[in-house]
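Below you'll find a set of structures to go through.
Note that subunit A is present in both complexes that follow, paired respectively with subunit B and with subunit C.
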Partner chain A sequence: MKRLLSLALAASALVAATPGFAEELANQVMNGRYQAILGDCSGCHTVSGGKYLAGGEALVTPFGKLVPPNITPDKATGIGNWSYQDFRNAMTRGVGHDGKHLYPAMPYPNYSMIPDRDLKDLWTYLKTVTPVDRKVVANQLPFPFNQRVVMRGWNMINFTPKTFKADPDKSPEWNRGAYIVQGPGHCSACHSPKTLLGADKSSGAYTGAELQGWYAPNITGAKRRGIGDWSEDQIVRYLKTGTDGKTTASGPMAEAVTNSTSKMTDADLKSIAVYIKSLPASEPAAPKPLAADDARMTAGAAIYRDNCSACHGAGGEGAKNLFPALKGDAVLMQDSVAVPARAVLFGSKGAQTAAAPTRPGMPALGWRLNDTQVADVLSYVRNSWGNAGAPVAASDVATVRKQGR
Partner chain B sequence: MTSLPLRSSRRAFLAGGVSLLVVGALSPVSAHSYSGQLPWLIDNTEPPVPVKPGGWYFFLPDEVALMSAICDRLIPADDLSPSGTDAGCVVFLDRQLAGPYGRAERLYMKGPFHPGLPTQGYQGPNTPAQRFRKGLAAIGKAVDAKTPGKKFTDWDAKDQDAFLTSLEKGDVKFGNGLDSKTFFAFMLENVMEGFFADPIYGGNKDMAGWKMIGFPGARYDYRAWVPQHNKPFTGAPISIAGSVQWGGKADK
Partner chain C sequence: MSKVLPRKDVVVVGLGWTGSIVSHQLAEAGLDVVAIERGPWRDTATDFNVGYMPDELRYAIRRDLFLQARAEAITVRNNTGQDALPMRNYIGFLPGNGVGGAGVHWNGQTWRFYDSDFELKSHLTDKYGADRIKDLQIQDWGVTGAEMDGYYDRFEKLAGISGKAGNIKGEIQPGGNPFESARSDEYPLPPMQMTYGPSLFADITGKMGLHPFPSPSANLSKNYVNPLGIAMGQCTYCGFCERFGCANYSKASAQTTVLPALMRMPNFEARTQCEVLKVEVPKGAEMARGVTYIDSTGEEYFQPADIVVICAYQLFNVRLMLLSGIGKPYDPQSGEGTVGRNYCYQTNAGTRLYFEDDKKFNPFIAAGALGQTCDDYNGDSFDHSDLDFVGGAGINCIPSNGRPIETRPTPPGTPKWGAEWKKATRDTYQSSLAFGAQGSSYATRGNYLDLDPTYKDNYGRPLLRMTFDFPDNDLRMSHYVSDRMEEIAKASGAKQYTVSRQKKGWNSAIYQSTHNTGGAIMGTDPTTSALNPYLQSWDVHNVFVVGASAFPQNAGKNPTGTVGALAFRAADAIRDQYLKAPGAPLVKA
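For the complex of A and B:
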């Protein structure tokens, strides 16, 4: 921010002779900064607790390891030598400086929707970020995936640059939401199932997907697994504060809330809510819940009573704003138990936002419960208080434990 | 021991104050201020380490035999509970005396050593480990003086009880700087701790002590039971390591 200001000041000093230009530049920088929030650049390109945009934590993809590079304007290790055209190619075509193909862990298929004006402002803003000298080896994939040229073939099959086309039959609010969700917000990057090639599947968009040991849940209008039962206000509150009062963002979503959605305008959050509520509901029918006298349920009930009920409530009702309600919780209803298993094994930490600075936390119980016990308590919460889900196997928990946090 | 001046001189006090100020100014700052978010790390748990069964870390073989015999008289096996030894009290004592407790790591252990008031507890120079070592040796000697060539373990329960009673009253003279009454009280307290402490520390096997008195374990929430009057609480006791009702023993 300081740097932003000094840039604006310097600009105004330089162009004092042409009034209006400095103001225009400041507006561009501010709009560019907002574009960086919409696109959540720092979510990938900043290490937790590290220097802003100086490169991020490794992404573990099914194809191997990719490290988000340094995108500060440092000439040696960042993008200080790039031109706007280089940047535009990277964002909209997946082709970086010196013609190297980017991997689509960088969501250029989504970013290609960003209109030129916003892209230019984003570029103007990125040049004001403090340059950081930090070398990042982005491509740590094994052969043959480390051959960037393979991305040419991938792009031929999976990628056509899109421009966002507004639907004239829908409200401007809906269209704005659709643009943010499909475009810069790149929600599909986590929430849409992937093809074998790692592209978004054309069917089942936003019905949830496994990612880096986490599971991004269904965000369609589905009642059981998705946000069909949520009001628009609930969604706005969740994206702004990390909780709608009943459920709490954790893991990568907590980061996305902290870095991105909590900084969006209320109008944009409302637009997102309007749009995702309109996503066609897609979920399988609820299974029959496990019988209460099933051995897994009785063990699970004892484990729940002794370890979980003090915060999550004897009836799974949770405590408003603090502890998630498990009764009716959509995250528990996904096919994957990765998220709840991680929470039990390793603990969890909610999002930290300006509106809700105290992040609620859950302690780790993996030292106290073995895999069978974790599986049983998960089976119990998935099949109690009206919830219904497939029972959890100890081997599923073992996989999550082995992966580590 | 040289006697220490009871009052520091004014000069010494001032000099001390100045040196404190200088040290304060030169030491690296160890305080942190946090803003924005709580410095709470995920999965940063440091759970207590359960005692490993098998072997002795502090007691010598003779001491194990003597301590077991004493535990079995202090907490005899009956229809209320297993004996102190079967409940793991000797293992508990062994691990505690071999660890920081035995070394009195949390206590101020430098002189001067004056006999304190009864309310002040033990004021002597011995660590708990030294007190047990010396106390058990003194008991062995006293037993040998009474019945030459025999050990406490050779006695029948009645004689053992009579001897322990005389210890409790302070009638046995240890002659090694320890007082038998104080030692007995100390030993009894530690044995009871073994009987009622969480099982992960080696004693209270299968929560026998807790089952005896109906303690449901370290639970933190009884709200659901508050309005249920005159109904027994049916949950099995839970220890830090868990509860039998949790199942899943097989892969633990």
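For the complex of A and C:
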């Protein structure tokens, strides 16, 4: 709050002469700051523990490495020389200050829905951020992808700037949720399957996708794999605190909760919940669970008992806010085992928020369990306590292990 | 020449239980706080990994988490007629090292002292006459049990203590300790589920007319979310508490109750692997300027601060005061001086029962504080009029573990090695049960701490010297309680038993207890206490010293509950009183 105030004060000091105008400017800065939260700018543009918006960690895409640039108002290394029009072009058309095309790791297809007023406020806010002198080489793609001109073709196939069209048959709440999810929140960037060209597929939106060695799960109204069985309150709590009491955000979602959703208003979180619960449920029928006497299940049960049950419980019930319940856990029900396999191999840390500060950690067990053992214990948890999922092969685990942390 | 850092409002020395609580309370009040910790950062998922934490060899035998003598030793002797020699290894007691301190590897037994313990001198003088305690240096704390109640309550709720109150606002509660002093509220969680050993102990002692009750435990009986919003898990009864970090977020420690909230605060900073060498107090001054510390690369820094809170382990609190010239060192010849005065310990004795094979105790199902206690012979629960001592002991049946290397009980008469020994350890493991007396330790003129004249540490600073032996009063007390334990043993129906008897000549090479107390004690008289009743130095007013070092003498109970309560008390005093008039003493000398 202190920081907010000082930002507002700094902004008003620029135009101290007219109080009415100063107040208006302060409101713009505050709204712009909230837009930066909705859009989770810092999620990509800030290195963990680093200076705010001064450039982020490299994104590993199927096409190569991209590094989110410095977007502080530093003239030499940031966006200090940009005009609002430059910024608007980047956000809505994917074209940078120098006329060069951006790569769609920057979710301009989503951001293009942000209305002008909010975009202007966001720009006003970004100008109040502390400038940081930090040079970032954004494009580290190999040839031919490093040729930005290729993006022109990509855009022709995959991108038309959109404005958000409210559905008059739905509630304002639903529409607000739809706007945040499709627009600034850019949920599809992680949760929607991609085409070979890396664009969102036209079908199966929000049914889950692999990225950067993780798997962003199904967030449609699907009951088994998605959030169909979650109450709106549960979803709000998850997004606000990082845990709904049963499951815990991990990996990139833990970061999204920490940097973005935990700072959204309760009303916006509720809108998101209303909207995603209405997303058409899309999931295959549950397979028949593995028989309890299957060799993988008996081996998995023994491994589970020794390594997992102390925290996750003999019945997979977990502990509130602390240890995720595995019974009924949707993350276990995805096709991909990337997330649970990573958790077992490398450990994992939850989100840390004001409302749920514990930040419990899953310890790494990859040093004591081999790929077959990890596969067996995952097969076991995917097929116990009412869960049903395809058995996991040691080779699946080996792939995750090879990808590394 | 040390590098001068930007000033802070508060510098806290040591980030264990007390350092974490004080830091959190003061950071919450808006102060800029830096904690400087000698040991490493430690975190549950990384450092207490469930996959390797139950490693008895590494943690219990090789003592991986403890302070090592090569980092800082102390010298010990039984009396002033001897030359003190440095401990080559910490064995008799095991100070912690690193974030969380000894609170990482404790058992979790969490007691409140009795009201009479806090006003011990007045209480015993009134009841038995001054003559009874003339050989002891017993003192009042300068705080009453009623004043401590709220602080105890805050610590118990922070830590999720699992137990059964015995006396809520004067009403005796069935199932609790009937000797307990009145408390305002129940424990936040119910007692743990009892295992067979303590249940049998309760059965035996109950039939004898004693009053067994579940020992209050920082191993949690249920899942819990503390007042800071931090979640803890139900204990799994794995039996790896003392000497181990808890892998399951089930044992209260700074890591599981305070640090997650504290570390997110922008006005708090922890600097680990940095050792404070000295609190800087100009000669004759009443205010410290800050602390000098050295980091792991050998670089020296001066950290200026308006308030210095010393929160290291008891021994090292006292040593840092002596090294910094805060207060007058205690002299056992003249009885004058305060720093180092009233060093106390714990006067323990043990009993082991050997049953026929029909008893199976499954000792591996255990937790550090899972058990039953009889307080019938503790403190002044019993009339001492016709006895030749003061004080007492709790009789605890807390079979904290059945770990394979150390849990090898064998009946009297068994050879110490060889095939017969092996057979006996196999035959006895399941059918043997131990309980013990944890006795009070009362101060005498000759038990004290000072700086060693000969031995120095890595930085050329004198080591701390401990001069200690069991006082005659405490031995008489302990023998009396050993007799009571023998009565229990006889009534138990065990085929054999042993009862140990404490004797003169305290030996630092046998583990007895890590309940070292005193040396920087609180009180109302600056000529007999180093700290006022708010744990503020009488001599240097912006220095507060928190820990068991403040106990004028030790009760027959584990100290952590009282240490935690005192941390809240000191923090409150700084927040609510000291900050209104910085630099002023909270109590007029």
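In this section, the second predicted complex is superposed on the first by the 388 of 405 C-alpha atoms of A that agree within 3 Å, B and C clash if a C-alpha of one lies under 4 Å from a C-alpha of the other, contacts with A are read in each partner's own complex, and residues count from 1 in each chain.
To be clear about the criterion, a residue touches a chain if its C-beta (ideal position, glycine included) is under 8 Å from a C-beta of that chain, and two chains touch if they have at least 3 such contacts.
Small disclaimer: the values here were computed from a predicted structure and weren't measured.
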Clash-or-fit label for the pair subunit B, subunit C on subunit A: clash
Contacts of A:K320 with subunit B and subunit C, given as first, second, both or neither: second
Touched partner set for A:P168, first subunit B, second subunit C, both or neither: neither
Touched partner set for A:P144, first subunit B, second subunit C, both or neither: neither
Touching partner for A:G99 - first (subunit B), second (subunit C), both, neither: neither
Partner chain in contact with A:T358 - subunit B first, subunit C second, else both or neither: both
Touched partner set for A:A394, first subunit B, second subunit C, both or neither: first
Contacts of A:R368 with subunit B and subunit C, given as first, second, both or neither: both
Which superposed partner A:A295 touches (first subunit B, second subunit C, both, neither): first
Subunit B and subunit C contact sites that coincide on subunit A, given as residue numbers: 310, 347, 349, 352, 357-359, 361, 363-364, 367-368
Subunit A to subunit C touching residues, read off their complex: 307, 310-311, 319-323, 347, 349, 352, 354-365, 367-368
Subunit A residues touching subunit B - in the complex, by the definition given at the top: 295, 299, 302-303, 305-306, 309-310, 314, 346-349, 352, 357-359, 361, 363-364, 366-373, 376, 394, 405
Touching residues (chain side subunit B, partner subunit A) in the complex: 36-38, 40, 42-45, 47, 219-221, 223-224, 235-236, 238, 240-243, 245-248, 250-252
Residues of subunit C defined as touching subunit A within the complex: 43-46, 49-52, 223, 225, 228-234, 236, 238, 247-249, 260-261, 264
